[in-house]
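Listed next: structures, encoded as structure tokens.
Two complexes are shown next, each including subunit A; its partner changes from subunit B in the first to subunit C in the second.
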Partner chain A sequence: MTGRARRVLWLRHATLIAISVVMLAPFYWVAKASMTGENIYDYPPHLWPVRSNLFNFVDVWYLIPFPRYLLNSIIVSLIAVAGNLVLNAIAGYALTLPFMGRRSMIVLLLSCTLIPFQATIIPAYLITAHLGLLNSYLGLALPLLSTIVCIFIFKASFDAVPRSLIDAARIDGLGELRILLRVMLPLSTPAIATNVVLSFIWSWNNFLWPLIITRSQDMQTLPLGLARFLSYMEDTTAALYAFVVMVLAPGLLVFLMAQSAFMRGLTTGATKG
Partner chain B sequence: MRWQRVLRSRFVVVPMVIAATVAAWNVYVTLHAHGLLQGRVVDAAGHPIGGATVILFTHDFVTQVEKARTRTDAAGDFRFDNNDSHLIQLQAEDGSERSPRITIRLWFRAQDRVLQQPLHLAPAA
Partner chain C sequence: MIHSSRRMRQAAVVACFLAPSLLIFVVYRILPLAWNVVLSFEYWSPLRPATWAGWDNYSEMLHDDDVFWTALWNTLIFLGSQPIAIALALGVALLVNSDLKGAGVYRTIVFLSYPLMTVAVAIIWHLMYNEHGGLINYVLRQVGIIQQPIAFLDSFAWALPSTIVANTWQVLGFFMIVLLSGLQNIQPHLYEAARVDGAPAWARFFRITLPMLRPALFLCLVIGILNSFSAFDLIYVMTNGGPGHATELLITYIYKQAFGETRFDYAAALTVAQFAMLLLLTWIAHRAVGGNAGAIE
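After this line comes the complex of A and B, so read on.
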């Protein structure tokens, strides 16, 4: 490696490290505040934690029904992830097959992504109410059981599978569902990981929908718990930030576990050809 | 072979490690959550005080409320058996003398705890 190339490499890494520090600083500050309880407006601010302890997390656990919120969030997110994997894979595979109106269907789906969820929330509520799913786990997960972005992630991944492989499977006598299960999905693990991460995080962070359809505190999820906590514990900075860390941690964990496949899933099809 | 690969993947190992940690922690909590609090009351010179009153305050969302009282024995030792809180305060008093109210934070509700530092009685201001 020449001296110039090395300098460019160093410069690139230094820039990336600086950007990473800027992007991670808020997370660090939240984690630090959750352990120290220092006022975020203190000046000069302490860069490192001073007199840190983990008791704020214990307070959060006991001052509100945190375990209940956590359980609700986990159940709803698991339902959303399972629904996304099944429904999006089937829909994505269908969009790779030739059928009349396929192009219109794709245009229709893409145009639907332009409509914000807030605009459809009343019909969504009425449909959920007619199905008798208000204040239920399935009702909480219902709008996220299938998402258009994730359908197209599966479609892009399936499009990248060679046609000859699918034709060979058909000649061997496999039906469409078995082709999806035996051929497409094993070759689309990045798309699966991307679906899992996105649907989990969207479901985990969802605030508006649970706020509207839950009737009892027993069915509330963590974002609602956070709002509730904030409303009557506004003077306890440390406990509030501890709550934020506890809400963030599962999403971060899922992302970190699946991040390499997640990145590949997002870029599948981007370099096709 | 395929199942072994699946079992060794981080998507299985990480949740299993978390589940094992949670299970171990719950076992520990179950074995150490009897609400037992023990300590000692001494005077300014460090001599144990018998017959002093010790008051247990528990956290009631935003304030501390008195939960129980007990008296020290001849050796100055006291004991509470019914603490069900994770955030408590203790204060001792004997006649005109009183100790500062100390805050004790526990890792879980009703955690058994023996105080390392005694409550020091001093003349009330």
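After this line comes the complex of A and C, so read on.
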């Protein structure tokens, strides 16, 4: 390696390390705040946790109904993940079959991705009220039950299954549902993983919809609990940041475990519509 | 005969398989879109029957509502920050796009903030900007850039840029991944040919990289435009539109009008306005990035 090439290489690493420090600093700062025993609003702040302890994490359980929020978030996310797996898989499979109006169906679905959920909140609220689903688990999960991006992730995966395999299954007399269950899905585990991860993260992080349709505290999910904690604790307590860490941990864990599925899903899904 | 009955059966299967998802999209996407338009031309609240309002809601929005113009302007500034974030992400993507040792680790670090719950991101940055315990004020004072702490989120001048920085921190990794997959789709032989022809690095970037990245750039722009809606969580928790209306976006204003003031009709008109703006900007982005870039199917 020449001297110049080496200098360029070091420069790249130095730039990337600087970027990484900036990207990681907020993580560190909140983790530090969550386990420090000092007053976190003293100046100058300590760069390391002082008298570090985990009391803040225990406090969270007593200060707010944390188990209830957690349970609600888990139930809603489970409904959303199950719905996404079933509905997206069958819809994605239907799109691989030849039928009249297939092209316009794909165009319709792709144009739906341009309607942001946030632009539908008023009628969506009124519709959910008419259905009598305000303040219910089903009402919380209903708009998230199927996702267009994930339908196309399944479609792309099914499209890659060799025709001969499907034809053989047809000749053996398998119905479409069996072909989907026995041929397509076993060959599409990456698409399944992507669907699970994406739909879990989306419903786990969802804030605006629960904010609108939950009425009682015992139906609130974790993001609502967080926002509520911030407003009535007047951000004077380190327990808030312990709460933040506890809420972020599951999502980060799921992400780190399934990182490749997640990134691949976002990009292939996104470029596919 | 057998053939056509199988056709019929298959059509029935397709219909059954598509129906549940379609029902959700019709009920929660298409119907609301139409309903918003109808509602925006009515006087309506949950306890009153609807009466025709004509253009009244729109005329109030355009002529008698200063907050609408503030929110619109803020939303445009917010949108204007997205191309900057995309440019930054492109820089990072170029740096990590190669057989650089540890490139995977850098990628993960930059991407890590994207899947986070936005409410938590808002609380984290709320702490980062704090006057006393915040890291940003501490670093700026230690380095000597400022003498007195700045209450970033309570300042009319700093609040909006501060929320934009927090948003950029969260979405940077997503833009990077999309651009990275675009970069990896570029055939290496294009660069080799250019190098043989003696094209300098900047020419290779502008003549090969940027044009080949069009679909990825278009996608980033569309996501960036949609971000002006999804920034609701961040703004609601960090500043709730304040101080005054300094960080009010259209979407936070829509929420306040609908669910704070129970003015569903007026909020619907605001929503229609923002959605029209979204379509217009998407069309402009499509035009700007060029011809076939929209063919992302």
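One rule holds for everything that comes next: the second predicted complex is superposed on the first by the 217 of 273 C-alpha atoms of A that agree within 3 Å, B and C clash if a C-alpha of one lies under 4 Å from a C-alpha of the other, contacts with A are read in each partner's own complex, and residues count from 1 in each chain.
Here is the rule we go by: contacts are C-beta pairs under 8 Å (C-beta built on N, C-alpha and C of every residue); 3 or more make two chains touch, one makes a residue touch a chain.
What you are looking at is a predicted structure, and each value in this text was computed from that prediction instead of being measured.
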item	value
Touching partner for A:Leu63 - first (subunit B), second (subunit C), both, neither	first
A:Met257 touches, of subunit B and subunit C: first, second, both or neither?	first
First (subunit B), second (subunit C), both or neither touched by A:Thr120	second
Partner chain in contact with A:Phe158 - subunit B first, subunit C second, else both or neither	neither
Interfacial residue positions of subunit A with respect to subunit B in the complex	53, 55, 58-59, 62-63, 253, 257-258
Of subunit C, residues touching subunit A in the complex	10-11, 13-14, 16-18, 20-22, 24-25, 27-33, 35-36, 39, 92, 95-96, 100, 102, 106, 108-113, 115-120, 123-128, 130-135, 138, 141, 149, 169, 172-174, 177-178, 180-181, 215-216, 219, 222-223, 226, 229-230, 232-233, 236-237, 251, 254-255, 258-259, 264, 267-268, 271, 274-275, 278-279, 282, 296-297
Contacting residues of subunit B [partner subunit A, same complex]	10-11, 14, 61, 86-87, 105-109
Residues on subunit A engaged by subunit C in the complex (per definition of touch)	9, 12-13, 15-16, 19-20, 23-27, 29-30, 33, 40-45, 87-88, 90-91, 93-95, 97-100, 105-106, 109-110, 112, 114-127, 142-143, 145-146, 148, 151, 175-177, 201, 204-205, 207-208, 211-212, 222-223, 226-227, 230, 235, 240-241, 244, 247-248, 251-252, 255-256, 259, 262-263, 266-268, 270-273
